[in-house]
């Protein structure tokens, strides 16, 4: 990528920027600040890495104005360096865009596969499936009856999408995830569990990304919904009838029990959990391993089990570390009072 | 479904009921109370939804006698509405019952596939496998050597069953689950881990349901056993030599370490854990995120880590929220005693 | 296995031993101490099972010298019975060693498959893959472009290895695990998440074992590294750029957030978690469900959330169980002081 290409790319993406450096650029890929060579693009975001910025050999560093004096390399000064880096990394590392249907794929005769799509080896596509333009379906995937995919979806190997589920445009499903499996719906009767068929769907919006081996169950009667712009990590469990609001991010191994409603722009750190039938407001952040047991009506950060506002949790946690000390203080107090009583009686 | 069909179905299933309503019924499916139309069946179980019951347009509402006055719709009055609803939902939404062997399936020549079975695309069935009548094996499944399936088992796509494992009748394995993988058996020696081949099996009883991407490891020398009527949710881990007793229910992301023995009719909420070599009595309920670190000899509810009876845990949890307050109380007490001492000395 | 074969096997493996028993041995497999017959090998390691040792009918018992008087069976006396048992169990139960390429496999024309390898049904191998001698690739596996496998690797069914990842020799990947999936790398911008392509690899050393449905994400720019001799259980999540040091053991459902560096010979019990960008010293043991939130510079055992040294955690846990009692003690103290004050005033 030469300088004029870079400037055109930034302009196309409506990025405000200032460029400081040489006119001769020949950039071939993105790289880590510490190891980048004169043909590579790095970014600087973390003030703790100032020494690496000073010594970097990168061909271009993307950074904020306040740090631009720390390097003599070519500089691209922007407001959100990480974002601009992401765009350039995507430019240099596009998602696969193969075309054609592998002869080993088993595609029902009723399905129209656009010429812009790729259907990999051993993929199985059942009747009634609708595929948008440019979809990439990797080896071993299964698409059940009447599944709908929007444009430019990418499915990693061995992904399963069960019947009737709907994906928007530019949805990414990493390897091994299961969308629309039957959830945990059973009626107890005389020591047995009677299965409740799950006849809702999973509806996934646009620009959603779902991680490896994650499971999202179909709704019982209505639908499980993942709104636009959500990102979901590996080994996450989302139960039937859950709704995840626009732009929420869910880290690995987090779980949502049935019918929970999560607002927009929420963040869940790893191994968090949410019990069933709760409502979680927009803008909530749930910290690692926290367990939400009541509806959260206010945005903000929550920690612990049961989850409480993180500020309170931190105070309690500090105290909890001192429980041993508190117990000894109480013992001392009891002793002091005993002595006082004795002294009082003596007087 | 017309009224006479409904009555016959209830009679076949030995349901005690009272019907109140019109003779003309034309029911086509089950639906949610709030959205059901005059051709749909809904059920009412949750007193919080009384307003929905009053306004429902359902063609039939299944409910308890005490609520029957709240609606003018056709009513089916039974003792356990959720159970009767489940039976009707199954009637309207049966499991798949395809037949035949897809030409892309790889079935060892030694295996007899009953004509009532369905073997989907790209399924691999190794030598010595025994299949009961009516089994449905979805695309991409793998059945290792000498696996045995009872009657009417349903396997979702990409399920793996390793060699020698045994399933009873009417077992449901959801997509991507792995039955009989090698567990975590290694002998430490000079900074290395020496693999212990796991030569036991997984034995699964009748009417068991296992969730998406769940893993159940084979036994080391003896077997891992899941007894009849158990239901197991997504992303659950069951280690080697574990035994889960009849009718137990295990919610998502729960884990059992090796050789734990779980009694009958136990319930584990999501993200719970059980350490190895414990015995858990019949009728134990373990709450979400709880960690069981000692054998539990009494039925009842347990919470926290280490898990204790839920009643005790709740009291401690309330106190834990007040730790900051307790610390201040102690400080006040220390101050009071100081003052008392001074006053005493003055006298 | 006869006696001379046994002695030769021990000698080949450089085991110091003493044999006490008959010359006529005809051993056919390994078995549990309690159930072993006269043709089976058992081991004794657990002093709690002395009664089983006294009554065992095993054809050979592997045990330490101090217990050799407790049985009259043939005895193999060694320093580490579990290790010697593991070696013999492997001898009797070798990993599969099939050969050939199943006709349904889809192997890119550029790939040289050594005659000693097995490529199972429906396996997909993309261009540029390098396979060591003796690799066993089970049904339904996917190996992306330029993946490298060392010698004698075993992949269970439906394993996914994404492009460019590298495995050493004798690596075991259990069914359904995903190596090299894209991790959770996104830049926030105006309420959306912009994907950061993950262009590092996963590098796995020699003698590593990875469990069923576990996910190990590729590095962002550099690599995710699993060093030699690590063992990793089922449903574990290892995020991008993590490094796990030599010989570490990670139990089921544990998770590591991005860029954490774990030392050598560490042990993580089940459902543990480690937040991102931490350094964990060699020789650390993290107990079940613990959450590591700060770097751990000292070897030793850690528990709780946030994780602290296990000794401290245990003291606090005992106190935490008594919080209710402590609250009552404080109440009593307050009452006592009130009374003292009154008495003092009266004087």
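Chains here go by letter, A, B and C, matching the order in which they are written, and residues are numbered from 1 within each.
The rule is simple: a residue touches a chain if its C-beta (ideal position, glycine included) is under 8 Å from a C-beta of that chain, and two chains touch if they have at least 3 such contacts.
The chain list, named the UniProt way, goes like this: A, B, C = UDP-3-O-acylglucosamine N-acyltransferase.
Please read these numbers as outputs of a predicted model, since none were measured by experiment.
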Size of the rotation, in steps of 5 degrees, that lays the CA trace of subunit B over subunit C: 120
Same or different residue numbers at the subunit A/subunit B copy interface, by half rule: different
Between subunit A and subunit B, centroid-to-centroid distance (C-alpha), Å: 26
Residue list for subunit A, restricted to those that touch at least two other chains: 104, 122, 140, 158, 176, 213, 235, 253, 271, 320, 323, 326, 330, 333, 337, 340, 344, 347
Residues of subunit B that touch subunit C when the two form their complex: 104, 106, 122, 124, 140, 142, 144, 158, 160, 162, 176, 178, 181-184, 186-189, 191-197, 199, 213, 215, 217, 221-222, 235, 237, 239, 253, 255, 257, 271, 273, 275, 291, 293, 305-306, 308, 312, 315-316, 319-320, 322-323, 326, 329-330, 333, 336-337, 340, 343-344, 347
In the complex, subunit A residues that touch subunit C: 29-32, 35, 80, 82-83, 85-87, 89-90, 92-93, 102, 104, 120-122, 138-140, 156-158, 172, 174-176, 207, 209, 211-213, 229, 231, 233-235, 246-247, 249, 251-253, 265, 269-271, 288-289, 317, 320-321, 323-324, 326-327, 330, 333-334, 337, 340-341, 344, 347
